[in-house]
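Both complexes below contain chain A, partnered by chain B and then by chain C.
Coming up: the complex of A and B.
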């Protein structure tokens, strides 16, 4: 025991001072980032009175412990969580997939007018959400129903008897609209991310594939797609977080209570007259779970993608 | 097996300053099973020519024919050519087996077991069978090179196209692969077009060399013809290491007057150069003789400036005068020692000199090849 202790101390002594400094800095970083989370977790298990009595980051005593706040938050948020996942997962996958395809078409295949399209797509990144709110709701609630109604009445006039109604009050249709909106809004940034990645892929390799007889789509499926998995992790994490955390589009497009997403439910949970911090914190933690999960699952690939491996 | 014909093939690019001619009316007939090296300095259009044959670049004017069929507008995959790239261009996410099978899967209806059989055979031929389930990232440069070659062989193409395939290998491996590639090409007997900037590679490997400069074909001939009977100054200077020495002169009577020497020509040679007065005299370093006395014509005094010993031979940088701008190079056998600063007498034998029209660069008279001997076979 004493020998191993001695070795340990020797090792510690031989470690350079700069390394000790580095670890101290990293430790401080961890504390800095995790302290608020720890506070939130402690608060969510406290009763109202325990919250008033104790320091925010201190654990609740035996008498101050409760699961009520968590239960309230969970019950309020649960339908929202399901709706959020129903909306955010397809939106994320769609924008990553379409972004990757677009980027492929704009880098490894050459055609006239490419630069113009790239410029338009990059401009798309900088359109603020607020600027499109009115056109967006007009499109989903007036233009599209009008078009669809005209189309359906013409084509299926006999079947529907001309009485077809666009199901704008249907909650699932609203979720679909929100999902499509996010997918479309995500394409420019995903395209840009994939494009810079594809530009680093060797031209000779693509040419080798062309000489091997692969079609443009086959090159995408067999070579580009497998090679862009790290980039998919980056876009999936980024895009999922963006879509999942959005409240603005959801407020504008979803008004059926049954199809509200998690952010809307969270706003309802914390929007009361009396602030109850334990419920608020429980809500925040519950709402953050899916994004945390995504980071944990794709973390390794994400690091590769960011490092450009 | 195929005969490949380039007929006045031209490639132009549009630039801000107008049209740039990358390849200018290049015509070459490449015989079935021939190994043709295309050489030239960087930017001479050699890679562009290869890429046009592969179908990776459009042809602006002219025709490329494979066995008499015009293939100008055929997509790369339909041309039945296989290309080896400088960077090897292997698919990093696929194993060696998958890399080699990809082309057959994409371009043929061959059943899987037949593809597998061909891939394994090609791997054995290339000596990489034990690496078949590894990915390119786990292989050394030389091994990747073999996979790239194997990927071309397995397709059983009519034409091999190689774009500086040995450029990324170290010197020793390069020499090994050079021999191996040559043997492979002889065994397979596939028409091969090989692009390189390394004239040693071109000299040692090819049946014929095509030398390009500024997109224009300078000469297309066997390595020895290019070496001994260059068409012009460019070819004479490009082929051979160290390069041929050039001296600008003017012809007066039967004398070539240079800045540092006067060279006496025989009547026969004077007759051959008749009508040209501005003549560049060229002589290869190994043809310069070191002599003891002034006996015989065309012996000049010079000073040894620098000596580069190579073991098998010594390369001497010589000067007629002490000024720096008249250096020329002579090589002597490794057993002959020279010292820097030494005064020596050198002779330019008339049967070894090349004469070029200075204005056009065209060769007027090349060296005679009377001295060529053949090693007799032993029965």
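Coming up: the complex of A and C.
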């Protein structure tokens, strides 16, 4: 393995120079993966004339610097950010909790035929959401309101006068519907994450607890749940990012302007007729802030969630 | 409420402990054949149940969430299929009387459908293959016992933490014809004219490269941005695969005098098959879901050069309120996803990996 081999990865491994080559490639990777983010950050501080005049990745310079774009984007997106968090946090917790319970029932307690249920759950991770969109809008806007109105007006007809209406157009109701939807579709991936973790927990402790007469619930509460805490971190981080980042469900389920989520507001900002790139870039950064913060603080957990560990 | 619950649970625990004590007595009595005695007793107790005791015992944990998710996933897919057989459109409710496949025949005669299907398959294949290749390359680089490994990995994976809407917004600026960084870059090296000459579609008059609107570049531009966003994912999966290969394999190849490239090609990469398969399944599914990216980039009418089945479905159903037709397109999308994950899940099942 001399340098004269002439193949470049060999060189990379063997000599000092090659280590430099390796790090040069790794740095080129940083440029590749960060330049769209970097140009966005630079552009959001530029005036209209500056972002047309200067190079996108260059700093704005003293005369081209402004915070106006950021202020506009912040004012446009702030209600969306609040709605996103209101919707995403409960959905994430629900999915993680239910995923953990499901994985426990399907992994730690083993019974014949459970692999069939597991297959159905895993397949649920991969379905394209387009395949459920029309039924989803039918369910939330037509079927469920119809059922509830019928039920409540029949049972409490004396109070409601028979004309109680489901508040389909209430912004918080729409956010709740979106949150419940995300919680449901998050269960499969959360179950998979917890399941692979529970498979690695040794059976001995659980067997011992069983022989001591512990119930399935107390084994979950006293052994599995405490052991799961690192996995809860992974699942919550990963699932929060997924829910917060989604646009499709929000487009279909939220049509009250006041309850639009951050991704919807950013899409509206980007799709506007006038393309002020300083404002749209500021919008992109503002909308990305929650997930970026989570990613920077909990990068390790996110990577584990991504790898399905 | 809480007290009642805990008392109930405690009673359950006592009942169970009575059963277990019985078992442990059996253990104590038996010396050699303890295990046999134990299983016979347990069997006799549980055989009196119509199903396995473990099934009943575990049901409170998994059944409610599975029903909840199952209703939204499989219930909705079945409902969607039913809707695709109707003629449902407009603002009223669906009529489920005359069910037929007319929406599917309409789809087969729809040029927009074939265009979107073609774009979907191209996106799926090209995106997945290039993502895997780049991810593998980066994973091998990271695996060379480098310093600051975590920092590099974190940065490479960062785009994946961003929303499609965010990345689409950023890439709209990168690809911007007048001031975007890509065209500025080519301008820096005086290459813009040459590229315009090379890529400009026939009949178009332009001096700058319009990445997102030219037929020749639009889909490629989307694919490139998606590779940027998801190759970090492929890297993570491959890195885990690389780390699972015993170091002896590297050493053996080195002793045999294999060069690094040959070592990777002959010894290491073939062992990454499982990683490649699972990564490509996930990537293909991401490609099928690329709706958010294209919608944020071009709205629900991205034009035929960028239209995929996911955007077409949304447009037909939610812009034009042709619910039944949209459902039929969605079923095709679902069938495509099944083609990808069906064989994968089956092979995982056969190998006992589920």
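Things to note:
Keep in mind that, in the parts below, the second predicted complex is superposed on the first by the 255 of 309 C-alpha atoms of A that agree within 3 Å, B and C clash if a C-alpha of one lies under 4 Å from a C-alpha of the other, contacts with A are read in each partner's own complex, and residues count from 1 in each chain.
To be clear about the criterion, contacts are C-beta pairs under 8 Å (C-beta built on N, C-alpha and C of every residue); 3 or more make two chains touch, one makes a residue touch a chain.
As the structure is a computational prediction, the values presented were derived from the model and not from experiment.
In the overlay built on the shared chain, the residue A:79 is in contact with neither chain B nor chain C.
Of the two partner chains placed by superposition, chain B and chain C are both touched by A:218. Shared-chain residue A:209: touches chain B; no touch with chain C. Applying the stated contact rule after C-alpha superposition, one finds that A:226 touches chain B and leaves chain C untouched. Of the two partner chains, chain C is the only one touched by A:40; chain B is not. By the touch criterion defined above, A:90 reaches neither chain B nor chain C.
Contact with neither chain B nor chain C is seen for A:59 once the two complexes are overlaid on the shared chain.
Set against each other, chain B and chain C touch different numbers of residues in chain A, with C touching more. Shared-chain residue A:22: touches chain C; no touch with chain B.
Shared interface residues of chain A (contacting chain B in one complex, chain C in the other): 210-215, 218.
Taken together, the chain B residues at the contact with chain A in this complex read 54-56, 75-77, 81-83, 85-87, 89-93, 102-103, 106-108, 151, 155. The part of chain C that touches chain A in the complex is made up of residues 9, 12-14, 16-21, 23-24, 52, 54-55, 57-66, 68-77, 79-80, 83, 93-94, 138, 140-142, 144, 146, 150, 152-174, 176, 178-181, 184, 228, 232-233, 236-237, 240, 254, 259-261, 264, 278, 281, 285, 288-289, 291-292, 295-297, 299, 309-310, 313-314, 317-318, 323, 326-327, 329-331, 333-334, 336-337, 340-341, 345, 349, 354.
Those residues of chain A that touch chain B in the shared complex are 202, 204-205, 207-215, 218, 222-223, 226-227. Contact residues on chain A toward chain C in their complex (touch as defined above): 1, 5, 7, 9-10, 12-13, 22-23, 25-26, 29-30, 32-37, 39-40, 43, 51-52, 55-57, 98-99, 101-106, 109-115, 117-124, 126-139, 142, 181, 184-185, 187-188, 191, 210-218, 220, 241, 244-248, 251-252, 263, 266-267, 269-271, 275, 277, 280-281, 283-284, 287-288, 291-292, 294-295, 299-300, 302-303, 306-309.
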